[in-house]
Structures are given as structure tokens and as C-alpha cells.
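A, B, C, D and E label the chains in the order they appear, each numbered from 1.
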């Protein structure tokens, strides 16, 4: 295999690698910050790398190879393509490197030594359930502002939302679905066009908070921002503030700092004692809203802002 | 009567509102040097482009040795042994001289290398190019120099050498000496004579009347997209030919008659 | 002694291994037509490019009316009243005739429109172009036609008309009649005479000896990147001039002496 | 000269907007017949809002493509400009007007550097702007620390405000975009500068020999294009109401698409900026119309691909017929 | 002729690989001095593995750019080819060899269609391949239903296997890539076909008048390029061990970058395919070296941007000096 002959941990401080999906999403930036802090605290040197876009498998493989060549002890990775990354991870593990998946599991999940993650399906389910209760039996006209074709997180959150809301894919209440790449400007354009198509939309699911804010801007231009419910996933600080100010009704908050911090600690332990981490550690997901509904567990935005990332 | 080697009847070519060829006829006899003359824009280039497959006429017929042919592209014409030096468009600037010389008819190495691996025989192409260029007495230091680094005249020389080297039936030259110096022009005219002497007829487009009178056996006068006269330089003076070309004189039944008094006066023929 | 209008001493220009100008001198006297002749590659184009700011010589000096000048680009030369028709590179093919005519010296509308909004006066430019073209008797149907749809000769006509229209001090023409028909060539020669008669000197590069002898007051012979002779067409025969040009004769103290027996014989001068 | 019938007065350049315009109208007709919501004032206002950012970028792109260049960095430069203006105004507390001016200056600065690299070192524009794409992208993310800038002062979002025309709300930004297109159509078509740009794109050596200071002109074109990207940044900021470090990532290809759909030649010297407007609208109309028809995202991509080819093919074939 | 000293034998075209090669060696030297792990056999083997997919794409891209075209769809076509071969082999149970053949055929088919559109309807290559980019992308996602294809038969991953050279493991895929480069260097440099490609890119009208059937040649070039993308697809599949519908999304720009860094002119007719190999390696070396030095991703982007410009600038300036 590639680089399997290079022996890790040749000299100096042991290294840990962090590979995120992109280098620009605040979620992953926060994850990197968490890793950075934990690495310092544990006497490790952090190397980081990222794909060029969400779904960029080739760059992640290249990064894994280069990190193995650089002699890292362990690699923390948020796989862009949960299946396609598996062979590269296998080669790294064969070379004696511990690999931990962060945020997103690989398929199969045991392709990595351990998984520290949020359940994205669960995150979607929470806002789905919340929306169902908040609509209080009103007939729903739903727009879903999704991520991009074929990206696992996007599919899981979308499916989770529908499941939580209690409808099937293709249900007539979903009147408009559009990819936004999680981008605010595209979110706005998508929402504008959805409103043009179905002016009576009253519930908007968004892949993340930038898309949600884009949708909000489009709704506001139509004067409809008050009577449309927007739900989202992520829990970034900007997003949580938007929940506080009522632009977004609720969001599912995740904890990238914790994932990364725990991951680095695990690598540090492996570097010292040779003890590999195993299994699945759920780093949790919390519904954040100031307009709680009965039957769905939630925290308010004060909690959200205290724990938000980005 | 001998059959013309290359013949055309009623060629028409329109570009939008411009009619470049307006029912042009053309006859090239075996072994002759035929000069095609005419004002700028008279349709000379269009005529020979139609005769060499470089453009498709909208109407009209082309005959080779009396047989009607369709020349779909320049390669067709080449295969019939017609070689052409086009005005402005002779050679590929970033390629070297030998490559240009053999473009479209490259030599391959003998044996397996050539047959199976289709490997070019660069050395032989270079040598043969050098030979052809030397024949034309075009002095060049290196045949591997890209054409764009040559002077205008040297470039034209390469194009002429190529056409002469390959023609088996007809050589067509569109203003081959326009950019050439006196010495080089003389060499091209010599070459045209050599080509004729080995039996290959030559079509020469030129604005240079002394050259035309020096070398042409017959003159085809093109005007407003048509052939308006065919004449022998021995029967007419240079001034008369120019007058016919510009429309001041008209040829009727082999004799020149004044057609445009003003024009005739302007060129000093009253 | 009168001061030359345009003068150069010891111009050198090298392209890699090729020395295009090898210490060339040049003198243009007031009110004369100076022909520059020489073989292909003798460095004629390089010489006049250096004189018109289009290339920077590696060494040497240029003087205008006796004063040393540095021409950093063609605009500098233009500002000094030098207009040039460059070989091959005269005009922008996708632009129309009027635009080419006024390129770099566009007319603006009078008043606010022109001063503040810098609006072009397209109609006036078209009209003036038409006038200039008419002076040169170049027949064109439409001045808004892009140049690329013209025949080679028509294009050259546009370039010549432009230079003549704007020159105040010197007109330089690099083979202006190479692509022109007999009638059009005649018109260009007439025009050169007119320009001279209004007092502007003309530099004419040409390979056409009859033209040179018809119009030139003096002849500058360029050879191997240098001026090898300056002579008057009245004192020498055409054959002699050609011989000097090709190196068969050499000029020493105003007289021609045979330098290369073989070459002299080849051109029929023994 | 051979017989030459009187030809119609022709445009400065040989690529008229007629072809792209026909494609645009056909597309409108198709969507109008297939969805009820298409042919309404508000929907058209919407389409213009949606294309105004890419459209404005495409103005700068047109300038550069007319000189036979290409700009792969326009989207990234715009994103950086947007972050600069918003962060200066919000985080550094600069007066909004100054912050906007700084953003515009930064974008123009990128253009200036591009122009200098292209002229002084004779680097291909493709390489220069490819490098700058990475540079601007990285600077955006480093300077913004990946934070979206919110709570903008009113001046920065003014262009997102609307005024009423009949029943339809039109944003000031849409108006500004249209005005910019008209301005550049004027500059390119009716001033000496415009002629020089065409001549330069047509053949730089001919332009130089005609006495045009081609290097200076080219640097000017790149700088001006950068300034236009700065305006696009302001339009984007006022449309979305935030400073977004993720913006503009697909806008380089999108703007080039608009330019080429509008009939401008990638080899320089031929094209009209109003064609670019039409090109941008074609893309916007397709996206809007397909969405209104409820076509799934991935099929929209498929159809857009086919239609881009078809639109130019129709143009090409129609032009061939009239020849 | 003026004095002309004997000139050194010169290459077919005036853009030698010397400049890019110097840039590559400088980069290697720099990283070698700065990180201990750089100058090792395994690391070089790794770099070649990392650039082989983009490198192979860049071979096809070189062909097309030499004809003065451009291919924006290469990455998307490769992704589609990869999905076709893997899905046919795994889900449809076709014999692996047939599945691979089908994948290659699909890619060549895309090339054929591109070529026909470019020649028959005279569409600009930029537009054709922009449209095809969308089409191939959409087809990939529709056909794969967004599912990554796993559990591939051995034949499809054979090229990912390694053999030992000294202490270093080399994959068969790396070897195939190098062989492809040599093959195309031979075809372009030493066969009539290659000469015709250069002549066509230099000036299509001159080529046509020289008796070259330019349309047929161009269609052939696009089809061959498509076939090469098919090989790239196989290399990708065997490198990653899966069929990945997300693959290749930035590979169009990356492959063009490799071609241009290698000294090939975007205006056609000038360039060498071995230059492209050097160009691809430059990108790979930068990425690998910066990563080994522990430079953060976003700074890697910044540095890559600057270095791309620098590499070509050094080439350009050195060439100017020798003139």
C-alpha cells in the first residue's frame, strides 16, 4: 500500500492529523480550533488538511497519505464520502496509524478505530418533531433547502426531518426542494423561486443556518417572515443568535469542539500508552429554541449561546 | 483541339451581399503558363480557391482533363495533383520549415518503425526540404527554425518551394512574388519556367505586368467576378492589357474596343 | 548642407542569433522620396521599425531634424509626425474601415457630448474616411464593413490611405503596393508624388524596381543589415542597382566596382 | 471590386446580440406557456435581482475577455471585497461610506496587480487569475476568520431596498446593474477607449503599431474590471444583508458563461456588453423557470447543460443562415 | 539574409520544458531542505500516485488545448465513466473486463459528441464542454442514485496494486500514467498525426489548405481525449477502490492548470505533453511539501496561489533573458 513502509512517530513531538470536509465551513474551523487547543494541552503537534468542496474524496485521500508519510500517530477525519474514503483509511491503519471518524461515520462504521459524532439523522428528526408540534395541526406547505446531490450529511438531515415530521419522501406537502450548497446567497435565491412557485409555503427546512438566513431574507422581502416557520440544523453562534431574535424558530445544535477535543485526547493516549480508542461516542445534539413545544425536549437560546460554536 | 487540363464553367460564389464570382469561366491548357490578372477584388483568389477545393462554389462545374470532378476539400485537389500557393495563407507560423514543407504528406521511417509505429523520418524530411529550398536558391541557415522567425519574403519562398516540389498536374500560385525581392522573384520565375518545361502547366496570379509579360503564354483577365478576356501577351501591349483589365477597353471577337472613354483617358490611352 | 529630416547612425538590432541590423545608417532629406531596397531579410523592415518606434534598437542613434530623439513606442513617432504603413501589420481585421482609419486619434463630438462624455463623432469619422479613400480612388461600398471581409489589396489601400491622411513630417511605407493591382499601385504612386509635392518626404520600401525608378529621388540600398550604398536612380541603370543590392557590385567613392564575379555573371552583368 | 450590393449598416463588431436575444425570448415563451407564475412583474423583478451580482461580475469579465484575457478570480475578489467592506464597517467601526470605498479600492487593487502581472511579466491571464483566485480566497477566509458579518449599517444594504413600479417592487441594486450595463455599452461602443479595447483584443501588435499604449490600456482594463467586481460585492452584500466569506465560489464560471452565451468571443476583440446582459438573463431565466416548473435540482443541472449548448447552437445556426 | 549565426537545433515548438522543469526542481529543493520526509522514495511514489489521475486527465486536456480548444468537462466525464464501470461490474454483474470497456466507451462517446458539436455546428469548445460538464455531472448522480459503489472486483482495482522497486512500492497505475505520457509524447512529436494537431491548433485554415481534413482530425482528438479520461476513470477507481459519484469536481481547473504550468499555450499550437507531466508534478509537489511542512490548509491555498504565478513568471523571465 501507499506509504505503508514509512514508520510513524520517527522523531520529536508526536503528530496528530485532522482532515475536515472543507477548510472554510465555520463548523470545521471550530473543530480545528478545538483540536488545536487539545493538541497543545496534550503535547501533540497538529497537522490539518481539508477537501476543496463538500464531497471531495480525492483530496481527503491525498491528505491521509501525506499525513501517514509525515509520520502522524493518529488521524481525525470527517469523511466527505463515507464509503469512498474507506480503502485509504484501511491503508493508514495498516501502517499503524489510529483513525477516528469525527461528526460523520464511515460505511461500514468499523472501518475506523472509533467514531466521535453527532447523529445527523437524529438532528433532523428533532427539528422535524418540533415543526410538527409547532404547526399544531395546520396543513403544512413545506420547502426544503438542501445541501448538494449525494452528500451524506445533507441526506441524513433531510431524511431525519421528514421522519420527525412524519411524512414520506415525495409527500405532496413538500412543495419545493432545492439545493443550496449551504450558501446564504443560494439559499435566498432558492427561497425566492420557491415562493414564486408556491406563495403559501409556511414551513421551511434548511440544511444549515446560512441557508436559513437566506430564506429569511427572501421571506422578509415578501413580508412573510412572521408567518413562516424556519427550522435548521447546526447551532453555530450566528445561527443561535438568529434563533434568539426569532428569525429561525429552532435549530439542532452540534458540538464540533467536543468531537475534536475528545479525538485529540484519544490520539494522545494512543501515543503514550498504545491504547486505541474504540466504538461510538455520541457527542450529542440539542434542540435550541425560545418557543418550546410540549413533547419535544429543548434548551433555550441562553444555553445555546453558551455552547455554540463559530 | 486539345482538352484543357483544368477547366471551369459558370462558377458562382456569393458572400452575403458580395458576389465574388459571377459566372466565371476558366481554361488551362497543357504545358502552358497562364497568368490571371485583374483589379483588387476582381475575384482572382476566389476563382483559384474554387479550382483547388478550398471553397465550394454555389454553382458551376469544374473539369479535370475533360472530366467533371467535385473537389470537396484541398486534399481532393492535392490527390489530383494540383498544388497551390495561397495568398496570405500558405504556412503554419509556429512550425518549422521542414514540417511545413511536408505538412499533410509526411514521410515515415522505412520498415517496422514506419509501418507499425508510424514514426516520422525527420532527418529525411529535413534533407529533402533542404534540397528543394536549395533548388529555389532560398538561403536559410536552419530548417528547424519556426517559420514565424523568417522575413516575409523567406516565408513566401517556403510556400512556393513546397508547391513546386509536390505538383504533378497543375501548380497554382496566388501572387507568389508579391513579397519577394528582385533576386528571389527572378528565381521564382525561373522555377515556373522549369516547371513548365517539365510539362506541368502553371497558373500564376500576379499584379506585376512585367513579370506577366515575361513569362505568361496566355493571360486570363478577370473583372467583376468574370473572365472578360483571354489573350496572348504577344498580340497585345502592356497598356492595352491593363486597359482591358480596368474596363477601359473591351475585347470583342479578339479585338480590343474602347468601352469607357474616361477610364481609357485616365491611363493615357485615348 | 541641409539637415536630414530623419537620420540614424549605427543602428543595431539582434534577435537571438540573428543580427537584423548591423550598424545601419539612414538619411532622409527634406521633400524627397527615398526608396529603400534590398534582398529579403536584408533588414529593411527592422530598419524602419526602429525609425518609427516600433522596435527598440540595441544600439545606435536616431535624429529628427538634427536633434537626437528616443522613440519609445509608435505613439512617440506619431506625435513627431511620422506615419507608417507596416508590412503585414497594418490594420485590425475585425474593426471597420472608418474605425481603423481613426484608430488612436478618434474624433469626438463637439461641445459637452465630446468634452464631458467623450462621445465619438462616428458620422464625421465615416465621412472623413470616405473622403480620404476617395482621394486615393479606392472604391468601397461601405465604410462600416469589417476589414476582414475585404480583399488583400483593398486592405492595403486602407492602410496607405490612413498613413497619408495623417502624416505631417514623414510617411514611411513598407511595401505598400505588394498586394495592389496595377490601377491601385498607380494610385499609390500618384499619392506618394502628391505627398512629396506638398513637402512631406516619403520613405518607400519596395521590391518593384520599375516603381522605384519611376518615383524615387534617391535609393538607399540595404544589405546584410547595413546600408551599403546611397545612390540616385538617374546615375545608375536598373541592372546596376540590382547588382549592388545582391552584392555583385560594390560602390566605392560613388562608383560601382565588381565585387563578386560569379554573382555578377549570374545576373547578366559581366 | 466584384459586384457588391448595398449592405445594411452593420455593427461595430460582427457578433450581434440578436442570436442570444432570440434564445432568451424562446426560453421566456417556453416557461411562460408552462408555468402560470412566470409571466408576472414580480417574477421578472426577482430574476433581475438574482442575476444582478453575476451580471455585474460579468461586465468586468466582458472587458477582460474582449482583450483576449480571462478572469478566474472575479468571484473570489468580490467575496474579499464584500468581507472588507462589512468587517471595516461593523468590526472596525469605520464610517460606512469609507468602508465601502475601502472595499472598492481593494477589488480595484487586485485588478491592478493582475494587470501589471499580465503586462509587465507577460504572464497568461489564465495563470495570473488562477493564482489570484487562490490568494483572494485564502485572504477572505483568513481575514474573516470564517465569520459571517451581520448587523450591517443601512448604507451597505441600501441597494437591497425597493421602490415601486406599477405593481412590482424593484430594488435599487437592479437599477444600478442595468445602469452599469448601459454605461459600459456606451463606453465600449461610443468612446475612443472602447475602440482601443476592441483593437487590442483583435491584435495587440496592430494596436501597438497604431499608436495605442497597449500596456497602459490593459492595466486600466483590469483595474476597472476589479472596480466593477467591487460594485458587485456591494450588490451582494446589500442583497443578502451580510458579509459572507463563502460567497462567489462558482461565480467565475458563471460569469464567463454569461459572457460567452452573450456572443462574446473568448479569443478577444468581438462582442457586446449588452450581449452579456442577455447571457446572464438566459441563465437566470432557466434557473427560475425550471424551479417554477418543479424540476428536481439534479435534472435542472442536466437541462441547463443541454440548454446552454442549444442556446449557442441556435445562435450559431441562425447566423450561418443569414450569411 | 542578415548575418545569422549557427543556431542550436531547436525543438518542434518554441515552448521548451526547461522553464517548468526548473520550477519543479527548485520546489523539490526547497521542500527537501525544509522537511526530512520529502526526499524519500516512498514519498515520491506517493506524489506520483496523487497526481496520476489529474495527470492523465491533463493528457487529454493537452490534446484539446493544443487544438486551441478547452475541456471543462473532463473531470465530470471521468466521474461518470468511473460510475459506469463500477456499477456495471458490481450491480449489473457484467464481467469486469466488459464493464471497464463500457466505461471507456462512454467517456470516448462524450468526447465524440463534443468533437461533433465543435466541428459540425462550430460551437466554441468552452460552451460545449461547459454544457457537457453539467450533463455528465447530472448523469453521474442520476445513474448512481448518489450511492458510492463498493466491493469492486479485483480487475478494477488492479492498477492500485504495487510492485517493489528497490525499497519503494510503485503502483501499476503510476507506471501506466508514465507510459501514457511517453506514448503521447511520441504520438505528438514523432508521427504525422501529431504534426497535424499542432498545425491545426496553429491556424486551422492553413491546416485545411495544406490538405489536412481538419474536422475529422478534431473529432478524433476529442474522442481520443475522451478515451484518455476513461483511463483516468479506471485509475481513479483503482486508486480509491470505489466508484465515487462526487469525484472530479475540481479536476477540470486542476488539469488545465497542469497543462498551462507545463508551458502549453492556451491559444493552441504550442506546447509539449511532457511539459504537462511536469506541470502536474509541480502541483503535486507543492501540496505534498506544504502538507509535510505542516502548513495549515488555508495558508496552503494562499501559497499555492502565489507559487503558481511565480512558477510561470520564472519561466517567462528566464525565456526572455535567453532571447
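The working rule: a residue touches a chain if its C-beta (ideal position, glycine included) is under 8 Å from a C-beta of that chain, and two chains touch if they have at least 3 such contacts.
What you see is a predicted model, and the numbers here were worked out from it, not measured in a lab.
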### Message
As a test of understanding: of all chains, whose mean C-alpha position lies farthest from that of chain D?
### Response
B
#### Entry: Distance-maximising chain from chain E - centres being C-alpha averages
C
### Task
Compute the distance, rounded to whole Å, between the mean C-alpha positions of chain A and chain B.
73
### Query
Which whole number of Å gives the spacing of the CA centres of chain B and chain E?
43
### Query
Hey, how far is the Cα centre of chain B from the one of chain D, in Å?
48
### Task
Quick one: which residues in chain B touch 2 or more of the other chains?
15, 18, 39-42, 151, 154
### Message
Please output the residue numbers of chain A that touch at least 2 other chains, ranges allowed.
### Response
23-24, 149
### Message
Show the residues in chain E shared as contacts by 2 or more other chains, in ascending order.
### Response
1, 4, 6-7, 141, 298, 301
### Query
What residues of chain A sit close enough to touch chain D in their complex?
23-26, 29, 146, 149, 176-179, 182-185, 188-190, 192-194, 196-197, 210, 213-214, 217, 221, 238, 241, 310
## Note on the structure
chain D contacts chain A in the complex at 35, 37, 42-43, 46, 49-50, 53, 141, 145-148, 150, 162, 169, 236, 239-242, 244-247, 249, 287-288, 291-292, 294, 296-298
### Summary
In the complex, the residues of chain B that touch chain C are 15, 18, 37-42, 45, 87-88, 149-154, 157, 175, 178-186, 207-210, 242, 245-246, 267
### Query
In their complex, what parts of chain A are in touch with chain E?
1-6, 10-11, 15, 23-24, 45, 47-50, 52-53, 55-58, 61-63, 65-67, 69-71, 80-84, 86-88, 107, 149-151, 155
### Query
Which of the residues in chain D end up touching chain C in this complex?
1, 4-7, 9-10, 12-14, 186, 190-193, 195-196, 198-199, 202-203, 205-213, 269-270
